[in-house]
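Letters are used for the chains, namely A, B, C and D, taken in the order the chains are written, and counting of residues starts over at 1 for each.
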Amino acid sequence: ASQPIDKKDIVLVASVINTTNPYMASMIQGAQALSKKLGVPLQIVDSEGSSQTEISKIQAILAQGKKVALMVNTVASSDAPTIVNAVKAAGGYVSIWWNKPDDYEPWNVGNNFVAFQKYSGVQSGECTANALAKSLNGKGNIVALAGVQDSTTSQTRVAGLKEALKAYPNIHLLDTQPANWDPQQALQVTQSLLAKYGNQVNGVWSADDGMTVGSIQAVQNAGRINDVKFASDGLYPPEIKDMQDHMGNDAIVGETFHRGYMAAAIGLYTAYQAATGAIDPSKLPHEKRDSLFQLECVTPQNLSDYTKYDDPNYISSWMDSLIKDGPWNTPPTPLVAGGPEKLP
Amino acid sequence: MTNAPLAPATGLHTPALRLTNVVKSFGAVQAVRNVSLEVPRNEVVGLIGENGAGKSTLLKILTGLHQPDSGTIEAHGRRVNFRRPQDAVAAGIGVVHQEQSLLTNLSVAENIAMNALSSKDAATRYGIYRWSRLNREAAQVLARVGSSVDPRTTVGDLSFVDRQMVEIARALRVDEAVHASPLVILDEPTSVLERSETEILEREIRALKRIGSVLFVSHRLDEILRICDRVIVMRHGQVVADRRREEVTEDDLFRLMVGKEATARTRQKAAQNPAAPVIEVRGLGRRGSFKDISFSLSPGSCLAIVGAMGSGRESVSRALFGAEPFDSGTIEIAGKPARSWSIRRAVRSGLAYIPAERKVEGMVGGLSAAENLALAHPGPAAWGPFLKRREQAKGAAEWFERLDVRPRDPRLPLGSFSGGNQQKVVLAKWLSAKESKVLVLDHPLRGLDPGAAQTVNEQIRTAQSGGAAVVLLPDTLEEALEMGDQVLVMRDGEVTARFDLSTDSPTSLDLLEKMV
Amino acid sequence: MTDNAVLQPEPLSAAPPTPKGPTRPRRAGIWRSIGPLAVFVALLVLVAVLTPTFLTGGGLGILTVTAAPILLVALGQAMVLNVGSIDLSNAALVVFSAMVLAQTLGPLAAAAPLLTLALMTLIGAANGFLIAFGQIPSFALTLGTLGILQAASLEVSHATTVYATANTDLLAPLFGTALAGLPLAFWVGVVCAVLLWAALRFTRAGQGVTAVGLNESGALFSGLRTRWLKVAAFALSGLMSGLAGILVIAQAGAASSFGLGSDLLLPGITAAILGGTAITGGVTNPLNIVFGALTVGLVPIGATSVGINPQAQSLVYGLVIIVAVALTMGRKRAGVVK
Amino acid sequence: MTEKVSGPRLLEPQPANRGPEARPHRRLQLKSLGEVAALIALIVVFAALNPTSFLTPQNMRTILELASLPLVVGVGSTLVILTGSIDLSVEGVMGAGGMTFVLLTANSRGTADLGFWALPAALLVGMGLGLLIGLVHTALKVPSFIVSLGTWFIGLGIATLLYGDSGIPFLSDAALKSWPTRLTIGLPNAFLLAAVIVLAGIAVTRFTRLGRFAYAIGNNEEIARANGIPVGRYKVYIFVAAGACSAAAGILASLQLGQGSSTVGNGNLFTTIAAVVIGGTSLGGGRGGILRTAVGVLMLTVLNNGLILSGVSPNLQSAVSGAVLIAAVLAAAWPHRSRLRIVK
């Protein structure tokens, strides 16, 4: 059992996969906002998309002898044990976001691995699939763009998509191609898919909103923006704008809502609370240590409920409610279930 | 190029070129030590010296490739300072380097014009080529040296000799670039040329004398005395003599250069050796290249193969060494037939090869001379798969002594030695190995000074008396008659005559007759 | 000097100009042999001065953990660069190796690493064989193998993370045991470097590969088996990638197609060059590559320790690499640099 | 040197026998037909596999559009490779150039709107990075491989800093966004732009000092220098030109995507170099050309597009590309095999 750490000695550390992806940029924003609210210094780690860089940079920070409360968006699932071990050895506390091996559970490791947290990929896939299918009136052909091939996040979302489509026998998934979370590649892949299936394509589903940006561009280029529907995970500001503008006859029909800043702040705050002794991880129920958080399904109809969340002032007040309600009870993204996530 | 403020008028007696106390070292090697010399206008000056005497280095200073450590250069009475090759061109100095310096992927025309193209020139406008003009001008210069190569040909597609003619044409072009009397520098231009091409060159040089001057490096003393008005002799980086042609004989020059008397060039022909042949070739042929080559050499004997460019003799020599395939006939080395022949197998079976293209095929310039010596057959320098560096160095030191290689440090990279010294090391690589039974020598004396040539010839003979057979592609017919026990004459890939010198005594003319 | 001036010939006994001892090659070589070390130490000192806790907090341990796989890959790459070729597939091979090991470690136990190494050496040799005997540019061929190996990893793993489930304790000492404060994994790399250095210097094959890199024709005409020497260089690269794959499993216990090890290509090349290896072939010193790898590992870690804004870190990385190479390069033979 | 010697023709032109090896210059090299044949073979195979979708006008336009980025980058890369150097910086320079362009054009962040002048400004950024490579490479004699590798990261760093953390900058002008795909004389503008750059590149390599000297330098740098070519200066020019090409590609990519992203260049380096090599340009320098690269780019583009159209499993696509690449170079090399051939 580890001793609580004095607040003065704690450093918050947020480790992100890169600094350029909008989701990652939002995570950094969240970490910064929380650091400001708590009055605790923050250090950002940029993994540059590389597991090795991620691990060694985190270790370099640990080596400075600081007591860390760490939130890591792991580059690959298999990085989690290495990072956790290093943090444990240094007497810090860590929450892992998005990726870890399914059978590697915090309660088997100890208090230093405070929690694993994510949004359900299956739920995301189902939510967007339903929106897409409904907008096509249950009839039509769609193509899907996946993320990096070995990504669990992408795989769970695709699984959710396929599961949901079972309810729509007249919706055909023509093709699934990886576009590596890359808008440019999504643009190119969509172009080829449009060439292959021509006017058969009625909808494009993407595993994240960045790829949607590329696929929308491709469809616009093909002059079919009024005939094709889009759905994906993430709902980024440009898409909010497209939806508000009714771009392409309400082309974007479904998105899930979650925010990087919320994820980063929840993860950091969980670790921070464990570090200060405000929570004792060993006393927490399993679902609070391997957790799935609430994901909202957004359609053009309920869009207006979500526009407020990107206001900088809101972010600040959201941090207040996080500190008030704790990591598991903050709307709009409270804890919904325990992990690990099951594939349908 | 900077002109001194006090540029004297160009008087009638101002030499085209004057060097005063020029010094150049590479690290600890003093390649040029305090050289002063003059090239008067309208004269051909010969520059001779042993391998490594510093001739090429001096010429590279004159063409802006090296900067002298100290000393002054005056061209037409003006102090010049060549920082780049273009500076030399602008001063009217054209050069044929010892090593070919053509860009093989460009056309003949571009190569000829290259020096001019890199400065402002009529053949380009705003950096844009005017191909037709370029080609026309190139054709004119080529015609002057008697070459009818198409200016649009890619140089890489040309034969060695054609390339040399292009080089010469390029050097001559300087008189068009500057409208002043040019100085043309030729560093061993003839060492790769055959007789007839040499004659064209000689005529060209004499003609050039009327408008400019020539500085001419060669190891062929007869040629020097034929062409030059004066001869400058260099040794160990210094000028040791400067004589008018009339004052000297070939033997004088030899002594001045080498420091010892020329030994009589006689040779005891190998007595008919009854021993079994070391190499026996029957009906060797390669489609489109050569056919029906047969010969047999007993230990200690020498076969000279002569033929004009394109006769196929080079291909024969390469096929013997496994560097080119053959599709008919057999080779037997010491009674053992050569199967699936390759360079590796040839070397293993005791063949040695000195290629004409020494820099590329004969050596690994980046390795030290000692390493090169032990590359093919390490002998005592290896213990199983391991190297014994000390043995390697010891063996190399011995051979350096024996062949008088300079500088006397086998640890230096072979690439930094002068051409002649490199050739000695390449030869030593094979001679030092007791495995070498058959030496295939493609122009082994090319680029060697007479002293070195003598050393090399002696070494070849020593190897012969040790039982090695030699297949020789000689530089000259005289060399063939001197070294060979048998002579094969080839033309268009076929043997046109065969002489056994123990019974026949053909003259050079007899050989020539069968060559063309 | 007049026309008739005749200089007296030098006395015949005059000594030829001999270079004064071996000073010249040695002096030029000094920076070549210590440059990579000096650059690494300088950077380390810089980081240590800016962040004093770096050294006391075990920074060197972390650094060597990071550097170990880079070092192995760089050593393999250096062997290939030394013969004048390049191996773009080595990082993909690291992942493939880890993948194979993860799946065989359970059933085969101690035999699994050996089998993996043998297989990776074979794949490397196959690369070399196609290059040497098919006479195709290594750049193109290994770019092709890179694609094939990536697909192989995806297929073997069904595009997910593969975990080594049993016998992982066999590999645990690699990162679990420290020698002189540094993990065993790093010392494995150092031992490889020493072995390769000795092989290059003291064996005929070593001299042969260098000769091939400097002038392949010259080596060929000396009767060396140039093609097989190239195959050997690629086989070594395969072997080193295999070893790096073992480190991946030892470190993470799992492998995935785009996970740990998949991004070692450029760091590996950079480390080899920082260690003084010439891209053009024929010049390499495996001992210095140790420092090359340490430098490559140090830059991102150091930048984070020192607290450089993450968004500026790639800029810093680029600058440091250029400056470091400019400092460590052997410029003696740099007549032509490509 | 005042006197003028209108020298007499030294020798009358003489007829001499042409050397046996002398071959006249041929405009169409037979050797280059191999690559074209391979391209045609690929097209035939994919047309047979996808009778309805491959040879359609839409797919042809898609292929041309997909080819446009690597074509633009390829012009610069080929020039550099012709000199025997290599330029690995393209992805970073594309990022920096593209980001500069977007931030100086009307965009959602409202940074600045220079109108047309954004174009030269972005090109200048690329040329500046090229200048950096050229100067460091020639003055400090650092291998281009490593300088350009470093510059890749510098470019990426610049792009990342420009991107900052204030959200994705979207291009505001819809007409601008759709420019690359709009058709002129039946062809997408992006391709026409690429074609113009390719043609200009070909003209440069055939008719100008810059291009011819690139070949000369690649053939043998020392000999080129001895021939009076200011090697360093021309190398710098060529890296600057390559930087401009990369920046142009970055601009084009940003237009296609409709947004600024520091990673717009992703994936273009290896594609381009593979195309250069497949086209038959020697990495050793001095041999090859831009037309060859264009053929190589088309081969790769057709291959990628064809694999998607043919429904090859995404996991296997890289293997098929790799195998085709190997087969292509093997087939190209086979007839030239000889025991003395040196290939690096």
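Here is the rule we use: a residue touches a chain if its C-beta (ideal position, glycine included) is under 8 Å from a C-beta of that chain, and two chains touch if they have at least 3 such contacts.
Just so we're clear, the structure is a prediction, and the values are computed from it rather than from any experiment.
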Between the pairs C-D and B-C, the one where more C-beta pairs touch: C-D
Reference chain B; chain at largest CA-centroid distance: A
Rounded Å distance between chain C and chain D, as computed from the means of their C-alpha atoms: 29
Distance from chain D to chain B - Cα centre to Cα centre, in angstrom: 41
Centre-to-centre distance between chain B and chain A (centres being mean Cα positions), rounded to whole Å: 72
Per-residue overlap in chain D, given as positions that touch at least 2 other chains: 160, 163, 165, 315, 340
Per-residue overlap in chain B, given as positions that touch at least 2 other chains: 323, 343
Chain A residues counted as touching two or more neighbouring chains: 19, 149
Set of all touching chain pairs, with the criterion as stated earlier: A-C, A-D, B-C, B-D, C-D
Chain D partner contacts - residues on chain A that touch it in the complex: 19-20, 22, 25, 28-29, 146, 149, 175-178, 182-185, 187-189, 191-198, 213-214, 217, 220-222, 236-238
Interfacial residue positions of chain D with respect to chain B in the complex: 1-25, 206-210, 212-213, 215-216, 218-220, 223-230, 286-287, 339-340
Chain A-facing residues of chain D, complex: 50, 53, 56, 58-59, 62-63, 65-66, 108, 159-160, 163, 165, 167-168, 170, 177-178, 180-181, 253, 256-259, 261-264, 266-267, 304-305, 308-309, 311, 314-315
Chain D-touching residues of chain B, taken from the complex the two chains share: 10, 63, 65, 76, 78, 84-86, 89, 91-92, 97, 101-107, 110-111, 114-115, 117-119, 124, 127-129, 131, 140, 143-150, 152-154, 157-159, 161-162, 172, 175, 178-181, 200, 203-204, 207-208, 210-212, 309-310, 322-325, 342-343
Contacting residues of chain A [partner chain C, same complex]: 19, 43-46, 48-53, 55-57, 59-65, 75-79, 81-82, 101, 148-152, 155
